[in-house]
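Okay, got some structures for you below.
Okay, so chain A shows up in both of these, paired with chain B first and chain C after.
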Partner chain A sequence: MKDTKESFVTEDGRHIGSVIMEMRNITLRFGGVVAITNASFDIREGEIRAIIGPNGAGKSSMLNVINGFYHPQEGEIWFRGKKRPSLRPYEIAEQGIARTFQNIALFKGMTTVENVMTGRQLMLKKNFLWQLLRIGPALDEEVVHRRRCEEIIDFLEIQAIRNSPVGSLPYGLQKRVELARALAMEPKLLLLDEPMAGMNVEEKEDMSRFILDVNDQYGTTIALIEHDMSVVMDLADRVVVLDYGKMLADGTPDEVQKNQAVIDAYLGVEH
Partner chain B sequence: MDGLIYSILGDPFVQMWQMPDFFIQVIWEGFVSGILYALIALGFVLIFKASGIFNFAQGIMVVFSGLTLVGLHALGVPAFVALLMTIVVMYGLAFGIERLVLRNLVNQPDIILFMATIGLTNILIGGGQWIFGSETKSMITTELLIPTGSSVWEPGGGLVIFQHIDIAAAVIAALLIVSLALFFSKTKVGRALRAVADDHQASLSVGISLNQIWVITWFAAGIVALVAGIMWGARSDVSFSLQIIALKALPVLVLGGFTSVPGAIVGGLIIGVGEKLFEIYWGPLLGSGVEGWFAYVIALVFLLFRPQGLFGEKIIERV
Partner chain C sequence: MFYREAGQFKTSYAEYLQALPLREDKVGIAIWLLLAVFYVPFFGLPGLEYTFAMNAIMIPVLIFTITALGLNILVGYTGQISLGTGAFMGVGAYACYKLTTYFPDVNIILIILASGFVSAAVGALFGLPSLRIKGFYLVVATLAAQFFLEWCFIRVEWLYNYNPSGAIEVPQREVFGIVVTGAAASPATRYLVVLGILIFLTIIAGNLVRGRIGRSWMMIRDMDIAAELIGVRPLRAKLSAFAVSSYYCGVSGALMVFLWLGAAEVESFDVNHSFLYLFMVIFGGLGSITGSYMGAAFIWTFPILLKELGKRVFDIDSIIMENVSLVAIGMLIVFILIKEPHGLARLWQLGKQKLRIWPFAH
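Up next is the complex of A and B:
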């Protein structure tokens, strides 16, 4: 299955498209510390791709490479059929890659709606003088984007907190607002860094449902990092396993679960 | 003892009551200098909000912009063209600071950036003296069509004098503050500025370029400095000693909060009016010169009881 370039339908009827992003032989170093060693994998359109591994395996570093916070010393990144030059994070956002953060990075002084509206930042094109006057084309533009944001807010069931400052919201809801902001960018690829970290079972179930719904309804390609193995096995179409910055395995959840190297990394092995 | 208490708690108010026209005059004078303090403090707040840097160079930026304007005019450039050119110079300054200083110091501790702005101050002082010379110059007030006369108001036989230049200062400062407030709350760039003030990583992830925002913030602070330079310059003169008034912005910031635009305005007015009232009515008790230290004592009291200022964000450190 790894070699096919065309789209296909999985056993449970999910449509997986062609390769949208490809990481080729990525190596990332911080001084003498090697965070990622020669990792290669791809992400296909429409799939949910999980990156798993023990603490310090280089998962977040990998996400930071994809989103441009880090620049690998070696290797190539191919996105939508083109080799990507070294870009700044905001330029990569312009290319259609959105993300959430492990430790939640919201604009705490703003309300939920305002936070989600920042996701439309790149799509607001009208001159600031028009915006200042709030008339004509700028107003129309604002209304269009505002409506889209409200739809996303409804979709993620956070209407009740739409005008609350996000700094005061409970953790689980903040995670959801962050997802809403990323979705407002209408990304081609959505990166989720531990979307369920620190949540209780109920919140995890909600978040899993939202991730599946986003993938299903908007057709968004998702790459996520997660620690909870049962969640990963339920959500992901394919899984990359990292350990100490090296690739251990790449395949469907079933294949990965049976992989001896993966079992050793997770359960420990006698040396 | 009774005499002392009377002269503190009684006599000043009796004077205010007996000469209401003079009292209004004092309030007005205080109000105008308060607005100008607020303008300088606003420059600090803009940069502090967007990048967490306490810009020590704000005071010298006021002087530098004023000198550029006057200097260009002295070369024979018409006043309003000189004004436009000065705005371009302030943009160039913002751009240069971002390129040469901020970009190279990303992720450094705040104290390093603060030190960098002290360095910047010295460069601007040295550069300014090299280019424009160190002698005092007068602002091109009439050329910029700023009115210079005065109006007299006679409420009930009293006498209150309003200098037109003070009225102009108040109106222009108010306009500037309102347009900045609108810019911040209503435009895309304003939203981006607030986003950057809150979280750098998240801003990048939604496609906001920090570098671009920093240039815009420093440019906005430069414009505020230019307006402050013109107005202060018109009331006194343009000289390097003007940067001392920037120190007055410190108590204003402590009072209003370093991150609050309304705080800068209210703080400026409280300090401006407060120090004038205190100087006139209580000053004689302590000998004169109260205006020089009153603001700092107020700031000290605030630091003891409300360190985040009137409008600042509450300082919460997790341990």
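Up next is the complex of A and C:
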């Protein structure tokens, strides 16, 4: 593994850029529970970064730290070469970080396309007065972004459910709508919390393909949490392994797979 | 059977984003509008005495529809709850009274529309707790607002110009030479002014809820954590909902006193009324503009029509019928909460859906 901040090309010819996000010595506590202990890792531009580890290892908490939902007691977060101050989640959204949740967090009262359209909130700029008139520039803006949402819906092959209320959709499709909503934000960094949990093999293959396509076509940097090791090995450029909040290993899938501590703690046993 | 999407192809997203994409819906609304503008002001309602139809039914129903629209923005679209509606209407009414006292020559319709802003500011202020508290606790906070404002309506004598009766009495005001407020204003004039303002406010509400602002409200309602993650500022979304909602309530409160009651004191703005408006919204349909219309019309006219029915057909005392209607409304609310939480608007929509696929069952 390279320590430099320079970009490089992997063995399979993928371009990995410089570091955009760096977690330095993060420690997160909830009262007596230590969810993350002194964890440090970075995320590079354009890569697919996996975070793995058993249940309760602190993976989701780590995404919540990146998102600004949790504020670590110790450690620093560096984003694009600057130390990030403590920010609210909506401010972090403004920096181009999007996210899906382990337990789907869609807007249940809306249809698929409306949910996807919410991803464009920050890009809609017309003020209150225009909004209440809904003519001219305000309507044009709505139309432009609506069209973009329809493209994303096509891309994720969910045209058939575009006008369905999301609450009634099967689980796998809800996950896909949530991905569509995150993509509608056109994020620089996309965080996916167990995007394939609870899916059958076919759905997992579809989702893997979408993740690769997003990374490939839009150049989106992706950090994902995933349990299925074969999926991780296929998708990820680099892997961080957490166990009980501690970092066990950090490296390419091959390196991590060969790491004895990882084998003992995680890979060796059935999950 | 003629209610179809077939053959009505959308050639652009702009068409798709219209308020009423279906031609049949447009025609339906046009018919309602024509009746409201050209029939009702002259003939009232069929089978009812004219002044009764106007003063007891049409004018209050239209005013309460504005209230319901406002409350629905807060409860139905943003998922916040308020038992302060009555008081926020009071703020609008007292603001209107003070404004027209200070500016007697300014067009009263403009004064009414301006008094909504006072109510909006007060509503936003009392909406501040919603940033920290939810559900039951927010209900209690808005209830506190209700009682505090009621106290102001009694104790702050400046609000009613130190009138010993404690009431605000509506002065006569003319717009372009036509008497709009006061005892000399004709029912038709008052009705048309209210109708005009209602149509204007309906269009605005429809625009808001379909755009960025309305989506931010619904995002907060459905999943506030995800909303924040997408960039919605909870403070801005919730306070804008409280402000817009209270604006509608304020305007309807001013209309209620100036174009309907003619005089009012604190009883017209009490918590019982707050409950009544909440019933309208729940019954008509949370998060639905059509539902606001249906709820206001139903909750207001049902007891009146029941009373009329009892008097005319069964010769029953009106006091008894009043109690009967209270019980009936209570039962209907419980029924609708269990059977169809989306209210009359959903039943209407389902009916249309059936029509669309008629004659097939599914």
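In the analysis below, the second predicted complex is superposed on the first by the 264 of 271 C-alpha atoms of A that agree within 3 Å, B and C clash if a C-alpha of one lies under 4 Å from a C-alpha of the other, contacts with A are read in each partner's own complex, and residues count from 1 in each chain.
Operating definition for what follows: contacts are C-beta pairs under 8 Å (C-beta built on N, C-alpha and C of every residue); 3 or more make two chains touch, one makes a residue touch a chain.
All figures in this text were calculated on a predicted structure; none of them were measured in a lab.
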Practice item. Could you check whether chain B and chain C clash or fit when both are placed on chain A? Key: clash
**Study point:** Dominant contact partner of chain A by residue count, chain C or chain B
**Key:** C
Check your understanding: Of the two partner chains, chain B (first) and chain C (second), which one does A:Arg99 touch, if any: first, second, both, or neither?
Key -> both
Review point. Thinking of the overlay built on chain A, is A:Leu139 touched by chain B (first), by chain C (second), by both, or by neither?
Key: second
Practice item. Scan A:Gly109 for contacts with chain B and chain C and give back first, second, both or neither. Key: both
Practice item. Go through the superposed model and pick first if A:Arg181 touches only chain B, second if only chain C, both, or neither. Key: both
Exercise for review: Could you look at A:Arg147 and tell me whether it touches chain B, chain C, both or neither (first, second, both, neither)?
Suggested key: second
**Study point:** Contact residues common to both interfaces of chain A (with chain B and with chain C)
**Key:** 67, 69, 88-90, 93-94, 98-99, 101, 105-110, 114, 117-119, 121-122, 124, 126, 128, 131-132, 134, 181, 185
**Study point:** Partner chain A, residues of chain C touching it in the complex
**Key:** 12-14, 16-17, 204, 207-208, 210-213, 215-216, 218-219, 221-223, 225-234, 240, 287
**Study point:** Touch list for chain B against partner chain A, complex
**Key:** 179, 182-183, 186-189, 191-192, 194-195, 197-199, 201-210, 313
Revision key, fill the gap. Residue positions on chain A within touch of chain C in the complex are 67, 69, 88-90, 92-94, 98-99, 101, 105-110, 114, 117-119, 121-122, 124, 126, 128, 131-134, 138-139, 142-143, 146-147, 150, 181, 185
Review point. Which part of chain A faces chain B closely enough to touch in the complex?
Key: 67, 69, 88-90, 93-94, 98-99, 101, 105-110, 114, 117-119, 121-122, 124, 126, 128, 131-132, 134, 181-182, 185
